[in-house]
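These are the structures, in structure tokens.
One chain, chain A, appears in both complexes that follow, with chain B as partner in the first and chain C in the second.
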Partner chain A sequence: GVLERSREQLLRQTCEAVLLGVLHPRTAISLVLQVLSDAGSLLSCCLNAACMALLDAGLPLAALFCGVTCALQPDGTILLDPTARQEQEARAILTFAIASSNRKVLMATTKGSCSVEEMQQCLAAAQRAASTIFQFYRDSVRRRYSKC
Partner chain B sequence: RTVEPLEYYRRFLKENCRPDGRELGEFRTTTVNIGKCLCSITTADGSALVKLGNTTVICGVKAELAAPAVDSANKGYIVPNVELPSLCAERFRSGPPGEEAQAASQFIADVIENSQMIVKEDLCIANGKLAWVLYCDIICLDYDGNLLDASVFALLAALKNVQLPLVTINEESGLSEVNLKQKNPLIIRKHPVATSFAIFDDTLLIVDPTAEEEDLATGTVTIVTDEEGRLCSVHKPGGSPLTGAKLQDCITRAITRHKEVKKLIDKVIKSITPK
Partner chain C sequence: GLLVTKCGLLRHRPGGGGAYWVDSQQKRYVPVKGDHVIGIVTAKAGDVFRLDVGGSEPASLSYLAFEGATKRNRPNVQVGDLIYGQFVVANKDMEPEMVCIDSSGRSSGMGIIGQDGFLFKVSLGLIRKLLAPKCEIIQELSQLYPFELVLGMNGRIWVKAKTVQQTLIIVNILEACEYMTAEQRKQALAKLSGN
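Moving on, here comes the complex of A and B:
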């Protein structure tokens, strides 16, 4: 449906921004994502999966990216990585894709309305959280290559 | 211009202007035609035609009656549909809607939902039995970049023009009676306005890109604000990375743009309201 198309467009353009396509001319790189279960923060999970798959494939990337979802609760507190229940109760959900090289924003998408200050706060929180996710990438890759 | 388009554009951008003479933060001339006299759709309940430079988008709103969903018995439906027919640009072929049209439809649906410009409860006539369905068809007649801004504007203008007839449910027969003589306008709570930017070479941000500029750009950002300065949507589908500060600049520009557009819409609505 249209929702899947819109998500595909977000993911595709995020990957295209980091992938060094010039090193693979006349090549199609196809990324297939299958949702096994959705318990909230689906889009950032897709982003993380996509990045790790590109890493695993050994494709040349300009930077790594990770997805972070922030939920703005009705009382104003910011919740990172919300569950499905927390997403429903939140008054706004912001998803960012943060690049590893300079913590810049590669992709941003919002659901619900928020004020400008709240968005900036969520962005700052997401950039801080990105470090944790990149550390997870490093640990996973280390584990994968230390076994074989 | 045809052989080295990027170099051609870079030369202009270095001087802080663009080939069509605009500054980096300047919009193209925006014109809007609302209503049955000026706009061509006489069969629609509400219609508007928006021209942003050469980009022409027409929006028609048709209201129909339907039974509300079981889990949300007091809510009506708003169904936006963006179409990019093959007549608007060379790259769109006829057939099922392409990804751009579908992504745009989803974007418009999100804007309506996020901004709460029409509250679905307002569309309900009788709880669990009857509700309005608003089919909003947004068709691009000429594509010269910045589709999202024009679509949101056209949708807003068309919805402001919609007059819904009064519907009552006859208690004895249980049937609905439509009173075409008594019409009420739609209650529009918020007025979202979209502002699109194109990112060049990872650093420069230009407002309201034409089709040529969109092709050369390395990324796009669309910010939707409402009249209170709240963000209804930040849509950055991939593309070059941006810092938080650059994003803030975009938001500030979007808020200024909102005031200009609101003034324009109010002026047009006032000119067509019968005195």
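Moving on, here comes the complex of A and C:
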């Protein structure tokens, strides 16, 4: 449907921003994501899975990226990684894809309405949370290479 | 500036000018000039064979690139045969080209791989481990049964032992070596040689 198509496009734009395509001309890189269970924050989960898959496949990347979802509740508090229930009750859901090199934003998408200040606050919170996710990537890769 | 594009272990070789490189694991092969690989013949197009080497494009192999091959004396290559050769041209802009002779015109072990045997695929990291000098895995396996082994840098291994069962046992051990530690491997081999 339209929602899946929009998610595909967002993922594609984020991946194209970090993949070094010049090293593989005339080649198609296809990324297949299978949703096993959806407990909320699906898009940022897809972004994280996509980055780990690209890492695992050994494709040359200019930077890593991670996805963080923020839910703005009606009273103004920011919730990171909301569950499906919290997403429904929230006033706005913002998803950011953050690059590892300088914590810059690669992709931002919003559902619902929020003010510019609120978006800036969500972005700052997402950038702080990104460090935790990148540390998780590092730990996973370390565990994998410790067996060699 | 310097940019790291793949994840892996940083290794250092102190000799000569010194070299640093990132040792990464992957399963997908990218053709590199000078690599020895196992290719599967998929088509014969006039004077050239098309080989599947596991990369994004099929490699080409001229029929004159075998030891002792002339226009009258063509090599007997059929579709589906296995060929062990090396790349003379392999970059991102051109179709990869292979040959089965080295620079002096001798075959030095390259050419058509014989009948029977078993071809299977492993990750590139395991191949590099097996090709390291004095690899323990190969030494331990050779104590078990005599066998023929061809290792392709594209992740393909061809094994042939005396019986089908011995061949399959060696295949299973090589595939499992990726995830087993040295201890577990020694235990598995001890159990097999006890039987």
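Assume the second predicted complex is superposed on the first by the 147 of 148 C-alpha atoms of A that agree within 3 Å, B and C clash if a C-alpha of one lies under 4 Å from a C-alpha of the other, contacts with A are read in each partner's own complex, and residues count from 1 in each chain.
Heads up, the rule we're going with is that contacts are C-beta pairs under 8 Å (C-beta built on N, C-alpha and C of every residue); 3 or more make two chains touch, one makes a residue touch a chain.
Remember, predicted model here, so these are calculated numbers, not experimental data.
Chemist: Put the two structures on top of each other at chain A: do chain B and chain C fit, or clash?
Modeler: With chain A as the common anchor, chain B and chain C both fit in the superposed model.
Chemist: Please indicate which partner A:55 is in contact with in the superposed arrangement: first for chain B, second for chain C, both, or neither.
Modeler: After superposition on chain A, A:55 lies in contact with chain C alone.
Chemist: For A:123 in the superposed arrangement: first (chain B), second (chain C), both or neither?
Modeler: The first partner, chain B, only.
Chemist: Touching A:145 in the superposition: chain B (first), chain C (second), both, neither?
Modeler: A:145: touches chain C, not chain B.
Chemist: Which partner does A:85 contact after superposing on A: first (chain B), second (chain C), both, neither?
Modeler: Neither partner.
Chemist: Considering only touches as defined above, state whether A:109 meets chain B (first), chain C (second), both or neither.
Modeler: first
Chemist: Residues of chain A touched by chain B versus by chain C: which partner has the larger set?
Modeler: B
Chemist: Rounded to the nearest 10 degrees, how wide is the angle at the Cα centre of chain A between the Cα centres of chain B and chain C?
Modeler: Result: 120 degrees, to the nearest ten.
Chemist: If we overlay the two complexes on their shared chain A, which of chain B and chain C does A:8 touch? Say first, second, both or neither.
Modeler: Touch partner of A:8: chain B, not chain C.
Chemist: For the superposed model, what is the least distance in angstrom between any CA atom of chain B and any CA atom of chain C?
Modeler: Superposed on chain A, the two chains' closest C-alpha atoms are separated by 17 Å.
Chemist: So which positions on chain A get touched by both chain B and chain C?
Modeler: Overlap of chain B and chain C footprints on chain A: empty.
Chemist: Show which residues of chain A lie in contact with chain B when the two form their complex.
Modeler: Spelled out, the residues of chain A in touch with chain B are 2-3, 5-6, 8-17, 63, 92, 94, 97, 99, 101-102, 104-116, 119-120, 123-124, 127.
Chemist: Report the residues of chain A in contact with chain C in the complex, numbered from low to high.
Modeler: Residue positions touching the partner: 20, 23-27, 55-62, 141, 144-145, 147-148.
Chemist: If we count contacts the way the header does, which residues on chain C are in touch with chain A in the complex?
Modeler: Residue list for chain C touching chain A: 3, 5-9, 24-28, 56, 92-93, 125, 129, 179, 181.
Chemist: Hey, which residues of chain B end up touching chain A in the complex?
Modeler: Residues 99-100, 102-103, 105-107, 109-110, 113-116, 218-219, 221, 226, 229-244, 247-248, 251 of chain B touch chain A in their complex.
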